[in-house]
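Notes follow once the structure below has been shown.
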Amino acid sequence: MNARRVIIDVDVGTDDAVAILLFLEADKLGEIKIEAFICTKGNASLDNVCRNLVRLLEYADRTDIPVFRGSFHQILPLQNTHSVFHGNDGFGDLKYQEEPDLNIIKKDIASVGMQNIVSKNPGEISLICLGPLTNAAITMRMFDDFSRNLKDMYIMGGNIHGVGNTTQSAEFNFFIDPEAASIVFDCAQCPIYLLPWETCKSSTITFKWRYEVLGKMGGKLWKLIDSAEKSVYGEPTKQEIWMPCDAFLALSFLHPQKAVVKSRKEHVSIELHGRKTRGQAVLDHLSQNQANAVLIEEVNNTLMKEILMRACQNV
Amino acid sequence: MNARRVIIDVDVGTDDAVAILLFLEADKLGEIKIEAFICTKGNASLDNVCRNLVRLLEYADRTDIPVFRGSFHQILPLQNTHSVFHGNDGFGDLKYQEEPDLNIIKKDIASVGMQNIVSKNPGEISLICLGPLTNAAITMRMFDDFSRNLKDMYIMGGNIHGVGNTTQSAEFNFFIDPEAASIVFDCAQCPIYLLPWETCKSSTITFKWRYEVLGKMGGKLWKLIDSAEKSVYGEPTKQEIWMPCDAFLALSFLHPQKAVVKSRKEHVSIELHGRKTRGQAVLDHLSQNQANAVLIEEVNNTLMKEILMRACQNV
Amino acid sequence: MNARRVIIDVDVGTDDAVAILLFLEADKLGEIKIEAFICTKGNASLDNVCRNLVRLLEYADRTDIPVFRGSFHQILPLQNTHSVFHGNDGFGDLKYQEEPDLNIIKKDIASVGMQNIVSKNPGEISLICLGPLTNAAITMRMFDDFSRNLKDMYIMGGNIHGVGNTTQSAEFNFFIDPEAASIVFDCAQCPIYLLPWETCKSSTITFKWRYEVLGKMGGKLWKLIDSAEKSVYGEPTKQEIWMPCDAFLALSFLHPQKAVVKSRKEHVSIELHGRKTRGQAVLDHLSQNQANAVLIEEVNNTLMKEILMRACQNV
Amino acid sequence: MNARRVIIDVDVGTDDAVAILLFLEADKLGEIKIEAFICTKGNASLDNVCRNLVRLLEYADRTDIPVFRGSFHQILPLQNTHSVFHGNDGFGDLKYQEEPDLNIIKKDIASVGMQNIVSKNPGEISLICLGPLTNAAITMRMFDDFSRNLKDMYIMGGNIHGVGNTTQSAEFNFFIDPEAASIVFDCAQCPIYLLPWETCKSSTITFKWRYEVLGKMGGKLWKLIDSAEKSVYGEPTKQEIWMPCDAFLALSFLHPQKAVVKSRKEHVSIELHGRKTRGQAVLDHLSQNQANAVLIEEVNNTLMKEILMRACQNV
């Protein structure tokens, strides 16, 4: 089988980093070919996302993969912010001896870069979205054929039962740019696979395992990620369950048959106007609209651990 | 033990009727004392709700219980409507030989009637709400001490996972008057027990049992309700599961120990401003507010059947 | 000609006080008969509005006029507040030797009190609204025939060009209870005369005249009001133009022929859901709806001064 | 003086055509240099706007000016539509013998085309917006320095007193893409000149003059525009006043000293969330924000007629 081709949109972020590690290993194994990375504001400012990503690629010796810089802002100025959950720099505020070389970043803006790749390879490229959907949405607005030429989209974000993690009822990626999420779900002309917050919350992987088993392993890249996560989360006893959201999505993409234990088709749209529910994913419980997304409801946590152990050694 | 004292707010409605039957039996058994009925627009116009309720009381020979007429309209004119799900008259559009005698309805408006009873019996009265919360809310706005003097409120309505039955994400009673629901949950100064739509959806009682077993039983009142429901739902095969929502709430009130299998405390508020989520109940998933309601998540369906069989014979 | 009969709904407030002075003089002259005062939360808490009003009536020796207490809260809890523009007590925080005797306030709640008067005198009573429309709206919701039995309503509030004084685009009375304003304009079944904020802003009466001419005059009631206003506004040079909003409405009601220089019919509704425009009055610039209000656009300022000078001496 | 350099964003539209005629004459006179035209969906579909614009340029013999195609869609799918006020094709649905040659349209998408011109000429280019602000906004979101490099923006759209022409309170260009308007006014880092709907409504130019004087004149381009307008408006007696909105903006840009009779600085933002006011321009009447726009309140109608007569002959 040919390697599946992907563009990966990230807002690194420690869980993005774990996902990137899984993708880099799959690329090394020839399972996928990473055509480009896209930097999106979210877990950090755009500048820091670029810095965090390029550093990860330098540690992995993969600065050959094209990197594009996305929009400096979310679509609307209402949420003109990024999270500091993963530290001020989005990656644990570690001290480094050298700055990453940002000159490797392409001159073309992300939308143009993505459109060039996708329009030349219609039906071939999967777009993996690990952060707010700003760049995916803007590219869809600029280029009418962009989403039609995608093979599919894999998205981490939103919710299925109205369970929020940033507001009462909104998940971070969708809350940060609800208009972008709305554009994607209302207008995408390709299949969408969505891994929502509730699926992450159902993780059974303990921080104890994460620290005592996975934390003891690994090559250069994993050790960097491990340090960043430890800086973010501190002592393992503080939090019971480890929820590497983006890594769950990576697993679901890389091993769809074995990783996705339960899924269902639904029509998903985004509430933009509520005072309490802005950014909430709304399912069509009246079944008046055709399904536009496959919701990944349950992921194989045992497989997750196996793949993580292998990848942490391997990359 | 003394009989528990209740005011029952209804928008009859065939499932209201089943609940009323359960309450009338409990009153007959001395378990409760029904202090008043309140008529609320919802499953039918206010006039038809009055007509349906008084007819039920006539069939049950209980026109001694005070009946008050509520507001002609929901708080805002936006949803100035009632449902026709239960027929144009809200009760299966049956033909009758005689009109009910509406002169038994009290001259005082519902808010004044409720306040008079509750203020004279502070801490004694449970308010049972089987329809939109219009009258409960208006009374709370008019009389500052009303909800403080209530023992508690039992409410059928809303949702816990954003599952709607009238819009994608809103349940009928809350959607019809979201402002009223918002006033109740934001301002009530008494305990609230909420039985949401998802709990009704988890019913395991089949229409087959409803028609073939329960449908064969009963006295004069049950036969009337049975005819109305059959007129609304038609042939049993059409719908698999019978969901008498208001009756589930009645059961939960009458037999709290045995009927409520699973419940939890949550902070509930109502989205008023969303385009897709207006009327949705929003849970505080960030736990920033103190719980204001006990959500009844699972009801004992076996007990429901037992109580129904007894009540249908008994009243 | 018979005296025109009025119920006056106030949230006293110094400009309410000036209006009340005009109304009391007109009552003394036999031009009007004040059937009742209604106390509404707005410029002060409900308690302070009651206190301020009763004190004014005591100073004017008119405690024979029935006073009713309105709702403790606006319809929605969102704006659960009152203004402190006119001082913490809504009346300049003056020191008094005696407390007003609040026992004169009727036991019936405002809605019941108003409905009793209006239903017994259909087509006879004008309702004058000088504060938020909370009580007018709740009474309309409780009693279906209330507004149909009114002769007309005179309202100070809202805007015609989106000029706000409390938010960018909302006027105080409408912003404090937008749902109430929405109910009144969507559902009232009697003529409405609306004097909006922009009309007050077009006042040409200077503080200089107010202080140096009007401030030198008057009997006991006016001296009290004068002190309260001076406590609120301080030195005359601070503000150029005096805008006694409620008094402009009083003048428009008392002398419709001479006072109202310019008016036009419009369809008015209230925005409830905007983030920037909640509480704004919206005119139907597409003329798709029938007019529901007469907008008073310009008032005779010379007449205002004449009437004020006479009333200040006279009451 | 050097020619002022402009990019003109159009949604042709008969009033866009009149404006284009004025701009083409000014370019011919050496007063301005048109660097590019941008096609925006609005008065017609994107395809028809392209067709209408290229045809106008062919009639004027100016296909040397670069033309860029903008986004196929407004930012949000909520208003996924264009107007048919100016005919199904946005230009009077005339019959033509030949199709315009769309091959002259540049391959680069509008955002990239604009950014290339503007970034190479910082501080030199005025962006003239005669339609919805979709492309201006998307370009601002994609390229952080775009608006900073503009000399200024001239925009026809919105309102100052809440007077709508498409909804009760929203003007067409802003209503079609309120999110785009919001991005522009919240984020632009250059001066903005706004000519709102109320200024167009204050036009004193009659259709009688338009038809009987201006209609008798002109060269090839004007005769085409004249035919299209007559097809849209029909007989002159039907409408009293002619309101060529975009042409008023063109005049204000071309002759700022003489054309703009009255203007003022204001802070303008856009309501996105209202049910009645979505798309309304909101002025900061509390003066809490710094002004971000010059509102053109009154235009010299006599000058308009003079310039029109000259341009119609001249181009």
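Some notes on this structure:
Chains: A, B, C and D, in written order; residue numbering restarts at 1 for each.
By our rule, a contact is a pair of C-beta atoms (placed from the backbone, for glycine too) under 8 Å apart; a residue touches a chain by one contact, two chains touch by 3 or more.
What you see is a predicted model, and the numbers here were worked out from it, not measured in a lab.
Between subunit A and subunit C, the least number of touching-chain steps is 2.
The greatest centre-to-centre distance from subunit D, using averaged C-alpha positions, is reached by B.
Chain centres here are Cα averages; for subunit B and subunit D they lie 57 Å apart.
Separating the centre of subunit A from that of subunit D, both taken as means of CA atoms, is a distance of 40 Å. Averaged Cα coordinates give subunit C a centre that lies 45 Å from the centre of subunit D.
Among all residues of subunit D, those that touch two or more other chains are 272-273. Pairs of chains in mutual contact: A-B, A-D, B-C, C-D. Interface residues of subunit B facing subunit A in the complex, by the touch rule stated above, are 160-165, 167-169, 269, 271-278, 280, 282-286, 288. Residues 71-73, 75-77, 109, 111-112, 138, 141-144, 179, 182-183, 186-187, 272-273 of subunit B are the ones that touch subunit C when the two sit in their complex.
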